[in-house]
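Next come two complexes built around chain A: one with chain B, the other with chain C.
Presenting the complex of A and B:
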């Protein structure tokens, strides 16, 4: 079982799928969709596949997924036999992951929107998007600060989950839209931990760690 | 000239870079692989790129743009495009005085950094940034009740405030070192008695959020009054 990802390389949501597939070492096909300037995601062929006209779209046989959290859940449930990335055997952990999957949509709607304004000059109220992103970041920072008091690194439990992957891109990319990470030390630490995961994959605007490139271990 | 608390030492591990503003100066603070800390003008002498975007390579900071390396005292040590060249001693990042004491990083915009004294026995809690001036943040720390009781102010000056709170029949010290990095934007670097448990730290961290809400609500109210 593999899948096809309808993909735009600069999309943070498309990157979530590419990142999880890379971390789980899953091979898949991509179809490049020219989101900008081509508006190809609004083409008749793409609307026939996904009436919402959004990216990414994941197709596996007769399964068509159009919401990123659902794609992450399906990929983890299908390709992670350990069950740690999407902990369905633990009611509490599963519910906590779902909290952060919902939160990731708020990040897309705030930090992600600010970036679309800054990068593509979409008609977006930038101050409103940035104020919303700041509120999201404060909430995330508070959670990560509390996790750290107990020795925790990840959003949920003692292993990274799809919650971390869902929240990572639009936090990491926020400087593109004008929200820097300087005021959020716990967020900086969490971003660094994710970038140090084995199998981590970059996208434009999110670099790999230099020490990994040089072959040093981060958590060694 | 002022020495400002710019972060918790804990939040700048080896091989990391952070950015701060002290007295209007944009500064990159970084820690080498062996743990040496340095504070430099946040501007690569080559093309002006922010050095806070750079990468730590061992005992050097490498600029993101063209990879020029800077080492001890800010001196350029390596230029990738001219690997055989020994860089002239005149190519230097402007260095600022930086000191670590009581778990805090202190940077001076001019002259030698002189950290202010804090009570002993403190451990890092967290840093959080208020959209208020320093005085408003300080006022909110002394006036926001913790578990129903106002904190007892031990000392307070322009640089910060030391408080005492009762938690679980224990008395804990809390120190807030305040840094107004930009006008109307203040970061509180918080330390707490090192015997605080993780659960007590969570309670105190949430109280800090309440302190910030109080300080920012005060600023918003005042703004509306001024507009009216």
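Presenting the complex of A and C:
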């Protein structure tokens, strides 16, 4: 069982899928979609596949997924036999992960939008998007501080989950849109923890941890 | 003073294929808001006061100049060669001096660290000696005989190769590179950036390529270039000072920076100081 990802290399949402696949060591095919400047995600062929005209789109046989959280859940459920990345056996953990999956959409709608304005000059209200992103970041920071007090590193439980992957890109990429991480120390720690995961994959704007050498990963 | 000089160069301000009849683009060039409109008599470039400016279509972009006596637009003859695919890669905004965007494009030493596993990889970090000259006749900066090991030099490159580069600066905010073309070793791929200075510390960058590659899809070629350029963006936005320092006392170059040194000298000599700082602030 594998899948095809309709992909734009600079999209944070496409990156979520690439990142999880890399962490779980899953091979897959990509089809490059020219989101910019071609607007190809709104082309007839792409709209036939995904009427919402968004990226990414994941196709596995006759399964077509257009929402990133659904893709992450499907990939984890299919390729992670340990069940830790998408903890369906634990009602509470599963529900908490779903909370953060919903929160990741708010990050896309604020930090992600700010980035589209700053990088591609899309018609977006930048101050409004940044203010929204900052509100999201404060909520995330508070949660991560509380988690730290309890000895936790990840958003939910004692292992990274698809919640971390769903929230990571548009937090990590926020400096692209003009929101720096300096005021959010717990968020910075969490970003480092994710970047230190074995199998971590970068995207433009998210750099590798050069200071980490083999065998010294923060979290195994 | 620096603005007067800058106004007499041509700048890419729109993608030609997006300027279909009736399309309009609002933009900013050297601090001047412009409206670019595609009419049935061609493109009209107009400022807020209604003043119109000349335009020409070259290298898949619309170019304009704001000054009364613009210098001739340089040529990239390879763009007209049959068999090459010309690939305009869209526009990316960067909050940095237009000159810094050009200088970064001319730098080889950062490849292994910023474009890891694509344009460079550790431990192949050494920049071998290369040749830099200012060609007085064309009034251009050239770096030649640049050789560098690259794991994935182009979309068409199957595995790592030692790539040969030539760099050319034909105008203060344009950089062109010629590099080994993996599927056609006797030819060179051409990759350029046309930098549109919005202000002295903000620019719109239009990457453009003229390649021999019959295998890759257009979408893959665009994304290959976008990925590389976006890897530079966050670094460019964090460079200090924001304007390019032309005073040799401000930074200590190494041998690998010869192109940058020549570029900075050339800017200074011409008085192309828009986006630059000339003395210690």
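What we mean here is this: the second predicted complex is superposed on the first by the 211 of 220 C-alpha atoms of A that agree within 3 Å, B and C clash if a C-alpha of one lies under 4 Å from a C-alpha of the other, contacts with A are read in each partner's own complex, and residues count from 1 in each chain.
Everything below uses one rule, namely that a residue touches a chain if its C-beta (ideal position, glycine included) is under 8 Å from a C-beta of that chain, and two chains touch if they have at least 3 such contacts.
The model shown is predicted, which means the values in this text are computed figures rather than measured ones.
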item	value
Touching partner for A:40 - first (chain B), second (chain C), both, neither	second
Chain A residues touched by each partner, larger count belonging to chain B or chain C	C
Partner chain(s) touched by A:99 [first = chain B, second = chain C, both, neither]	neither
Partner chain(s) touched by A:145 [first = chain B, second = chain C, both, neither]	first
Contacts of A:185 with chain B and chain C, given as first, second, both or neither	first
Which of chain B and chain C A:10 touches, first, second, both or neither	second
Chain B and chain C contact sites that coincide on chain A, given as residue numbers	210
Of all residues in chain B, those that touch chain A in their complex	7-8, 11, 15-16, 18-20, 55-57, 62, 126-129, 187, 198, 201-202, 205-206, 209
Parts of chain C lying in touch with chain A, wherever the complex brings them together	15, 18, 88-93, 95, 113-114, 116, 204, 217-220, 222-223, 226-231, 233-234, 237
In the complex, chain A residues that touch chain C	8-10, 32-34, 36-38, 40, 118-121, 175-176, 202, 204-205, 207-208, 210
Complex contact set, residues of chain A against chain B	138, 141-142, 145-146, 149-150, 180, 182-183, 185-186, 188-189, 192, 210-211
